[in-house]
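Read through the structures below before going on.
First subunit A sits with subunit B, and in the next complex the same chain sits with subunit C.
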Partner chain A sequence: MSLAAEAFVSQIAAAEPWPENATLYQPLREDQILLSDCASSLAVQAYLRMLGLPVRVHCRANAEYMSPSGKVPFIHVGNQVVSELGTIVQFTRAKGHSLSDSLDDVQRAEMKAYMELVNNMLLTAEMYIQWCDENTAAEITRPRYSSPYSWPLNHILAYQKQWEVRRKMNAIGWAGKSLEQVYEDVSQCCQALSQRLGTQPFFFNKQPTELDALVFGHLFTILTTRLTSDELMEKVKSYSNLLSFCRRIEQTYFESQDRDSQSGALDFSKGPSLM
Partner chain B sequence: MAAPSELFCWKGSWGLPSVDTDSLIVLAYARFAGTPLKVHKISNPWRSPTGSLPALKTKEDGSFSQPSKIIIQLRKQKYNADYDLSAKEGADTLAFISLLEEKLMPALIYALWIDPKNYAEVTRHWHAENICFPLNFFLPSRMQAQQLDRVRLMRGNSTLEAGEEAEKELYSDALECMNLLSQRLGSNRFFFGDSPSSLDAYVFGYLAPLLKIRLPSSKLQQHLTALENLTTFCSNILSLYFPDENQERIGHPASNVQEGSNFDREPYKRRKQLLSVLVAVAAMLGYAFLTGIVAIEHVKEEGLTGNTTSTDLNDEEE
Partner chain C sequence: MGTVHARSLDPLPMHGPELGVQADDLDVGETEYEPQQEVLENRDVVVQHVHIDGLGRTKEDFLTYEIADVFRAKNLIDVMKKSHDARQRMLRLGLFRQVEVVIDTSHGEDALPNGLDVTFEVKELRRLTGSYNTMVGNNEGSMVLGLKLPNVFGRAEKVTFQFSYGTKETSYGLSFFKPQAGNFDRSFSINLYKVTGQFPWSSLRETDRGFSTEYSFPIWKTNHTLKWEGVWRELGCLARTASFAVRQESGHSLKSSLSHAMVIDTRNSPILPKKGALLKINQELAGYTGGDARFLKEDFEIQLNQRLFWDSVLSASLWGGLLLPFGDKPTSIADRFYLGGPTSVRGFSMYSIGPQSEGDYLGGEVYWAGGLHLYTPLPFRPGRGGFGDLFRTHFFLNAGNLCNLNYGEGPRAHLSRLAECIRWSYGAGIVLRLGNIARLELNYCIPMGVQSGDRICDGVQFGAGIRFL
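Moving on, here comes the complex of A and B:
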């Protein structure tokens, strides 16, 4: 897209208010969605709830193929389709909704850096555990990923995806890591987040930012998802301030709002809650 | 005390201690922490103990090749540049290294290996010149294929190719990353106070090549030179921790500076002068031979038969 066209689109985006019928698409919640996709989807939902923008969650078996970038989740707002948290943050800012405007330059730099830390370490670790740990891949990931498809397509698609993820791990130097080393990385990442959070209610002062949404999405999903082993969950559980951070965001943005809104716009019912 | 570990890394050029980002990171960290290392600057990755560069070879624990692993290993030997950092600063280090890896690394690879003009004129040229004979024919193109593959997988875009679209996408991330780094650094000398840490080594490793290598298409470089605090940060590290590289440059500054301005014209000019002189000499000699040889043979032949023409020739020559 040329620069002029892009500027034009963002002008349109700015002109149109947030519609009531915005939709978020993700894979099927019960049978199909994987840990990493669920985390990303939850992060986007948390972000939009923090902004107070309504969005309806739709589950589609082919969400991955509907998305413009091939990644879930994506949102459909007016006549535009936007995928992934980073782009969605830019999109909402163009519409005049932003969580990070009150930060100064250094804080914004740090916020971006920590968001990349989560993407670089937590998300990659989730992908590694899902697809490269043969136990998890055989018992959970491949059957879930291919659940909507019939034989032989289910096997073809699952192995194709696994092959792709493994090549990526190879390219970024994770292929040589053992499962223990990956858990160690997760632990290091949580340690960094926990240090950064300290005793504050949110990562930057008293206001939530997109970083809070992203961290919540990943940690909450890790804490509430059952895998072949509990080790990943245990790593996160050893940081008490991160646990109470997740609980706080869940209560503020998910439970209370769900109670208030009877419109059915928000159908968020995750598995076991943290309480 | 055991003998120092050995470090294998890419050799330097353009006033850099090494041309490769990962090698630069390790070299800078080792200098910051004051590690005694036996450094081998080589240009043949096959001579490294792990088959890739950089590589650290230790007596006790074998060899390591990723910068993060090498740094952990150096830390185990009690050479820790991050000793003074608080836990929160340690967390910030981790976060900013992730930022560099996710946002700046793809653009850096693009600028050096994928952009067709830069690759042909600078990267391939340098590698072909510096890698030893049979390898230099296929190693550069193999490295390029690997780097392209890496960017494609990192971005999750299997059709990414050199072109405006990819460049715009990667460079906008990289420019944002540089701005963020510049904001974070502010007017400080290093990222955390007055002494350098591992984050400084990483930032230096990513930015110094952009600053020093002269690339034909240089959007990233232009943006970086506009961020003054980052450029002084890099040149500070170069002059403080790698003075020998600088001396090398100061050693023959005249030739370097002049070559900088007249680099393209100077050798061609001389070659042209030499060629024209050679052509002129050849033409004169040819003419002389065409007429002269005949005459000389004439002289010899005439010398055998009679003297009349030989005196004529002598007159002509005089």
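Moving on, here comes the complex of A and C:
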């Protein structure tokens, strides 16, 4: 995100309090959404729930194109449209809601480094498996991605997206990797996260931060999504403290809140459960 | 027409090997050079041969339909008239740079005493013509490259290609046109295109990639066009600040539609007519041949012109349209109607009437607009008979309305909604005719019946348009 846009977001955001009708947009949950988008969306939902900010989830087939950055999810708050977790964190901070204010500078730097790790490894690995593993792309990704469109637009858009992602993978040097190498990367990333977490309830002790939301979004989605092979899921499952971390966040922020608010049908948007 | 003399002169000089088509031209060589002169005005003549000189890639059989009439001429005047008509018809085909007619007495062994030979000397267009333009406008510069291949396969088929490369957008269009032999008004064409439009009044950007085939034919005094079109439309926001209503429309859609257009045009000029009428009816049915846009769209345009005293013209026009969505999907912002601007309901900003959200106009599903104009020559008629005739002054009264239909209310409620809150305006101004395609208007307008949300242009308004109310 450019500096100008960042300044714009933080300046305007400060003016108004968080409204009741804030909305999060994501692709269609049943037929369309992909693993990586689902993970990003869940991360944002977890983050907002940790802050106690209400948000309704709306599923739209054209969510990707509605987003100002072309990436899902995005939130519509008042007359503001903000996409992706990083920008949303800044946006909420400008409105006076933050999870990481109690951290010192060193911890904050560390948190940012881990968030980068998750984005660079887990998110990229998800994208790789979705679009670069031909088996997954043909059986799951392309049919799901193109499900809202009619022939021949469905094929055009799916292949266009695949081409775009592959070009990006080329640019960051992932195109030459094999599926095994990618699984190995995921495993290493999980190991780093697992070590950092240790036996704490959250990454930075008692309080959740945006890092917790991000890790939860990705790991929970990987654990609950069926792909052509279970390998990715198995890699994550081998870290028991990460598993219980996911379960803990799910119970604290999704199940209990939904029970409290009695409006589970509207707000419950996470999909399957870990239990 | 005075007395017509036809003289038999030296046989036509032969030039170029491409003339080999007319074998019977060659045996004219041995005529004795004995000038004869006769008055042929009322004498019966027989057209024995019609030659076309200068044909390269044009197929002769295609032209026989155009020249067939010349053989039916019974006297010389007739021959000249029919040859002239044939010349016009040939020029209209768009195959030749020039066509000249030479009428001569017949020569050769089988020549009748009253036999005539008609020779059309044609010069074909080049196989490929190109053009190159640069354009600046809308904060964007672009270069436009055009290629035209007239008469590709020798039967007036035409291929045109246009490519525009801009600092922001690129567009292209490729079209193939084929007229029916002997009936140039019946034609078939195929188009392939990509166009990008930016609509700042809606904060909308639209990219269309499409393919269409159409067939045009005349019936009595009307011209009809049947068309099938498949378009992949991509909508997006022009700016980050676009309203959410426009943002919600972003994304891809596919429109496959069948449409029929009918035109009757008896006007003497399409831009500043002095007499005649125009009726245009357009109907489009989308969704039955695939795609995800499903609607029926009807649209009409009527214009009547009546010449009055002192070279002034009274002109009345009426437009109307209706967009009916099928199924549960609402209509798309790209399909709806827009109204307002310097050549429709004057005094309002471009397409800035009707439903809007945060300053972005969303268009309406039904509209009507009417206009009454009095066109007069410029005061004191400067430049009369020349440059000054491109200008007219006009006094106008425009009115119109645009709204959405909520299909529970019934037709009576819709009509009353269209009748209330009518936007109207009046004023005067100057119209400049740009060729026979467009016009420029500089008007002083007084908008009335302005509703909240409409953007007006009170006072001087300048604009250009192809379609005008």
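Throughout what follows, the second predicted complex is superposed on the first by the 255 of 275 C-alpha atoms of A that agree within 3 Å, B and C clash if a C-alpha of one lies under 4 Å from a C-alpha of the other, contacts with A are read in each partner's own complex, and residues count from 1 in each chain.
Please note the rule applied: a residue touches a chain if its C-beta (ideal position, glycine included) is under 8 Å from a C-beta of that chain, and two chains touch if they have at least 3 such contacts.
All values derive from a computational prediction rather than experimental measurement.
When the shared chain is aligned, subunit B comes close enough to touch A:Asp105, but subunit C does not. Of the two partner chains placed by superposition, only subunit C is touched by A:Asn79; subunit B is not. In the superposition on chain A, contact of A:Ala22 is made with neither subunit B nor subunit C.
By the document's definition of touching, of the two partners only subunit B reaches A:Ala192; subunit C does not. Of the two partner chains placed by the overlay, only subunit C lies in contact with A:Ser150; subunit B stays clear of it. Of the two partner chains, subunit B is the only one touched by A:Lys168; subunit C is not. Set side by side, subunit B and subunit C differ in how many residues of subunit A they touch, and the one touching more is B.
In the superposition on chain A, A:Ala61 contacts subunit C only, with no contact to subunit B. Within the complex formed with subunit A, the subunit C residues making contact are 232, 234-237, 240, 244, 247-248, 250-254, 290-292, 358. Residue ranges on subunit A touching subunit B, taken from their complex, read 69-71, 105-106, 108-110, 112-114, 116-117, 119-121, 167-168, 170-173, 188-189, 191-193, 195-196, 198.
Only residues 66, 87-88, 90-92, 94-96, 98-99, 101-103, 149-150, 153-154, 156, 176, 180-181, 183-184, 186 of subunit B touch subunit A when the two sit together in their complex.
Residues 5, 8, 60-62, 64-66, 68, 76, 79, 81, 149-151, 153, 156-157 of subunit A are the ones that touch subunit C when the two sit in their complex.
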